[in-house]
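Below you'll find the structures, each written out as structure tokens.
Look for chain A in each of the two complexes below; its partner is chain B in the first and chain C in the second.
Right, the complex of A and B next:
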């Protein structure tokens, strides 16, 4: 690099463009300071400060939603600022706020340090926000590792619970493997694209644009193909697509419920944001990408639904059903290669998934006993009579996940299926329909557990009644948040309004 | 008369708003008053649209039209487009009337947690009105699915025997049917090139550019099985008698009476006019399956001992008439199907209502444990007899059923000749099981079990709480039976405008526009 290039690169470091991420980082550090400064009695205030601070950052982001730098790149083309990126920033912030809210409820049931939890959640969120805007493999990898390392800690946060520790270890091992695959892929692409002797070689072989240019000039390059498949495999780990779904049930079960929600929604969305970016980069190798992703999508839908059928632990059930949702979303991703507005369908699906998932996880956080990993369908017996409000939220959340009108989840499925139709993915659509029908059994089975009073065989003499943990009362802000999530699921099912129109034009 | 609001939108939104209001902890009397408004208004608006249905309306046009954008119009061509034509107006009216009767019956029933019960029923009602008021196929589908979660919870919580199993089975079957038909609709949407779910736009686009035979075959096949499952076409019917047997009576009334008409209506209004060539290719298969409904399920209905199961099987059997009417691919057949749907909706919900009233007096649905009820409940017996005669299709109380079935039989004779013989058998079958039930329940000596039941419980005749909903149904049924022109006139005008396409396809199956050529022309 010449001096001029370095100067130009330095000049493009416009720190103001990443103000929300910096804000999150400062807020996260502030929490740690406050923990030391505040007397013990006032520690209960810190989560409130965390949530209010995040709301402030979200508000700032929404007010300044279309800043002047949109459409440009910064930090020497590490970051690409776009409206989709802005949307995803807001999306991850909303996730982070909801996880913090759930964290307040869940941590109260554990004898655990509280403040670090919120700190790590915010750091992870900041990394996800950068990830969604990255236009460079280097930043992609660094941001993704920040997210993953944060999750290593969060997953095993309840360190007194062996299941949580086991989950953390599993996530560590599989996560390391996926990072290795991703890195192999990136290095291969870097090597072939940066080879000065090659046709169409680029002087920025880590940048998305340079790699795409190289791929377009060299169709059918073997090393590049291997690189593409390995990179896709690395991302497939993050979204939990078959055959890289193996970690999902155990990790979802062992992780504290708010972290499970964070993994299910935010981590998956981050994975899909990366995947959509990569699919664009790899578009010159369309056949390879479509073949790889199609096999994954079909297997993911079938595996997720069939495996979820037999689950009694609701966290495992949601984990495996989440696998199937990744499969439906892959349909949308594949469709983006031939239908431009399919990306909007994926974003809307993920938005509906956020609303429904956090509603369900929110209810679960309240139902969970001191042992967070053991949450059984049986714990929901007579739930509708005991807790009608939470049962209503649960029914709407589950209905939306199952994709039943008039809930937002249905619109998400419809949009993705329509995009897949336009792209002509008929065999995958047939599999998806089979998957949806199977999913009715377990989603409605859960509703059945909560609503229907079922007959139970009398217990044998002397056997104690199986203990059902008493569900925690709903605090006002939590009730408000859950009600808003459920109401939004209904409203966005009935009236998508300018929001969907805007999202679909992305 | 010009209403100050959109009658169709009000008929959809008022029940939903009432349901929302029931979430508030109102005192029970106020809650019932709110529910009554939610049930009464759609019925009144149904009569309003019928009475003021414009006579000068062009055949292919819709009355009471209005369009609302829900945000997807520009991106996907989906908008809430409401309106009624001659095919949908009678069904819109019928949905309102049956909803009112089901609501009134639910209000006098002593269900636990009445607010939730009435609220879920109102959600169903709002969806039902939406189904028949929608011109946009997307919303037509969407409103149908409205009822799914509500039905599931109502069957499971307030249902009778096997409710948990029945609720699950019903929901899985209905979802499968709905998903298949959704794929069919999306296929029409993408291949027609209209980029819109609007039925009018689709019709115009297809009239202009046509739809290749292969696409039509696939789309009609998807709709045949999708809608077929929803309407309990043989052999995909097993969910229906089980579900209706287990469901609380108001749910059975709304589901068997109205919601299930979704599929037949979908054939008459959408599938046949848009996919005539596909319909022609599938018509023989449909005819045979429909005969399966009439003959096989008719025989099963005869074998039932459980009164509610018998009504359930009887309703599934009668649906077969609707299917053979559709398979005739003629405006005569389609017209017969519409009349039949109105008549069947009213009469089958009346039967479900009355059999639950019987249950409240005998404590059982088993017909062998009844007998001689006429002495204790003569008014109920009179209602029941009328309902049975109506469902058989005898002129008199069942005039409207008679007109519908007669028209269908004529269409079948035109289309398939001898097939009318097994179809006519259905009339005999329904006479057998209906009259046999009448005899077992009301006449003869009371059975030992019933005598024992009488010792413990005072058996009284039905009061006004049950009479009024029954009368609402009966008066409408007889009224339109005497004066069918009130429905058939707008119906004829619409069919004359829409159905020439279908009959042309049937008359000239070899023309290139419809045959199996140009496989992937589009």
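Right, the complex of A and C next:
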């Protein structure tokens, strides 16, 4: 490498391009300083500062949504800036703000240190924002590991609760296993693409573009094929696709409810952002990629829906239904190889999923008792009478997840299925439609538990009524946020307008 | 980057790239099946580290034979990530042991259907 090349590399380090991520990092560190500086009585202020600070960063990002550096690369082409990247940055920030709001409610029920939670949530969010814009396998691995290690801590955050710790351990083992698979895949791709003797070898074998160029010149290379399958397997772990979904129900159940929401929405979206980038890189090996992903998608949709049917714990139910959502989204990912607007459909689906999931998880956070892992369908008995507002939000959220028109979830499914139809994935579409029909059963079972009283066998003499934890009152900002999520689910179902048009043109 | 003087080395000790790759694959497989089959959390944890080490071996070998240095730089990132993972992982295992007095996976099965 010559001096000129090094100078060019150093000149490409334009720090202003990652201002939102730096802002999040500074804010996260500021929180820890404030915890030391503030007297104990004023610690309740710190989460408010965290949320207001994140809102400020989100506002700054939206004002400067199309900066001059869009379409270029920075940091020696580690980062590729695009409008999709800007959209995902905003998406992850919204997730982070909502998780912080839920965190305030959930942490009040535990005797736990508070501030670190918000700190780690912000660090993880910053890493996800970088992940969504990565154009290099090195950055991909480091950012993904920052997210994963952050999640190990968040999942086992309630360290007085053995269930939370057990979930943390399970997530740790499966997460580290998937990282190792991904890493081995990356190493194989790096090795074959950088071989100077090979046809189409590249001088940047870590970059997405270099690897794509090599793959296009060498169809059917054995080591590259193994690398592709291992890399896809590593990402499949993160999005929870069959056969790598084993951790999902246990981890979703044991983790604190805000963290479950964060895992379900933000972690899944980050996984799909990575997957869409990788599918583009692996396009020269289309047959291999499509075969692998199609088998996964079909199995994922069927497994997720069938396993969710028998669940009584609502967190496990949402986890397994989340597996089936990952399956529908995989259809969209496969379609991106032949239909240009399929990626936009995936982003819209994830947006609708964010609105609906956070509405449902917000309600769950209020219903949960001190033991976060035990949240049964029975706890929702007479819910509509006791808490009509929360029950309304729950109904809209669940309806949107099930894909009932005219809610946003229906439009998301419609767009993804239309993209899959255009791509000619008819057998997978048939499986997906069957899956949607099955899913209505368990989502409506939950609604039924909340809205209609069911007959229960009389208890034997002397046995106490099973205790239902008292649900927490809704604070004004939380009520506003939940109302906005529910309203947005309805509005985006009826009118997608320029937003969907903009997304579909990505 | 100029080509490394591999030809001069090959006479002295002829270790081919494939030999390193087989070693890495074997180490990776030992680690992978160790994670799936072993019952003690700490042993599982060591197997996870073994998988990362296998990746490192392959990476350094590729970097050497391709005559580029970025693979060697990647190794430092892997080491750092592995250290962070171990720090968090052992903290979770210790906290769990203090609650449950066991680190055997078959006894850590409260979360299930």
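Rule of thumb we're sticking to: the second predicted complex is superposed on the first by the 506 of 506 C-alpha atoms of A that agree within 3 Å, B and C clash if a C-alpha of one lies under 4 Å from a C-alpha of the other, contacts with A are read in each partner's own complex, and residues count from 1 in each chain.
As a working rule, contacts are C-beta pairs under 8 Å (C-beta built on N, C-alpha and C of every residue); 3 or more make two chains touch, one makes a residue touch a chain.
In this text the structure is predicted, and so the values were computed from the model without any measurement.
Applying the stated contact rule after C-alpha superposition, one finds that A:163 touches chain C and leaves chain B untouched. Contacts of A:440 after superposition on the shared chain: chain B is touched, whereas chain C is not. Once the two complexes are overlaid on the shared chain, A:203 sits against chain C while remaining clear of chain B. In the overlay built on the shared chain, the residue A:145 is in contact with chain C alone; chain B does not reach it. Of the two partner chains placed by superposition, only chain C is touched by A:187; chain B is not.
In the superposed pair of complexes, A:505 makes contact with chain B only, with no contact to chain C. Within the superposed three-chain model, A:173 lies in touch with chain C and out of touch with chain B [touch as defined at top].
Listed in rising order, the residues of chain A touching chain B in the complex are 341, 344, 384, 395, 399, 404-406, 410, 414-415, 417-418, 421-422, 429, 433, 436-437, 440-441, 444-445, 447-448, 451-454, 494-501, 504-505. Those residues of chain A lying in contact with chain C across their complex are 1, 138, 141-142, 145, 149, 152-153, 156, 159, 162-163, 165-170, 172-173, 176-177, 179-180, 183-184, 187-188, 190-191, 194-196, 203, 205-206, 249-250, 253-254, 310-311, 316, 373. Those residues of chain B that touch chain A in the shared complex are 70-72, 74-76, 141-143, 145-146, 148-149, 152-153, 156-157, 163-164, 167-168, 171-172, 175-176, 179-180, 182-183, 186-187, 189-190. Considering their complex, residues 1, 3, 21, 28, 31-32, 35, 41, 44-45, 48, 51-52, 54-55, 58-59, 61-62, 65-68, 70-71, 73-74, 77-78, 81, 84-85, 88-89, 92-93, 95-96, 99-100, 108, 110-113 of chain C touch chain A.
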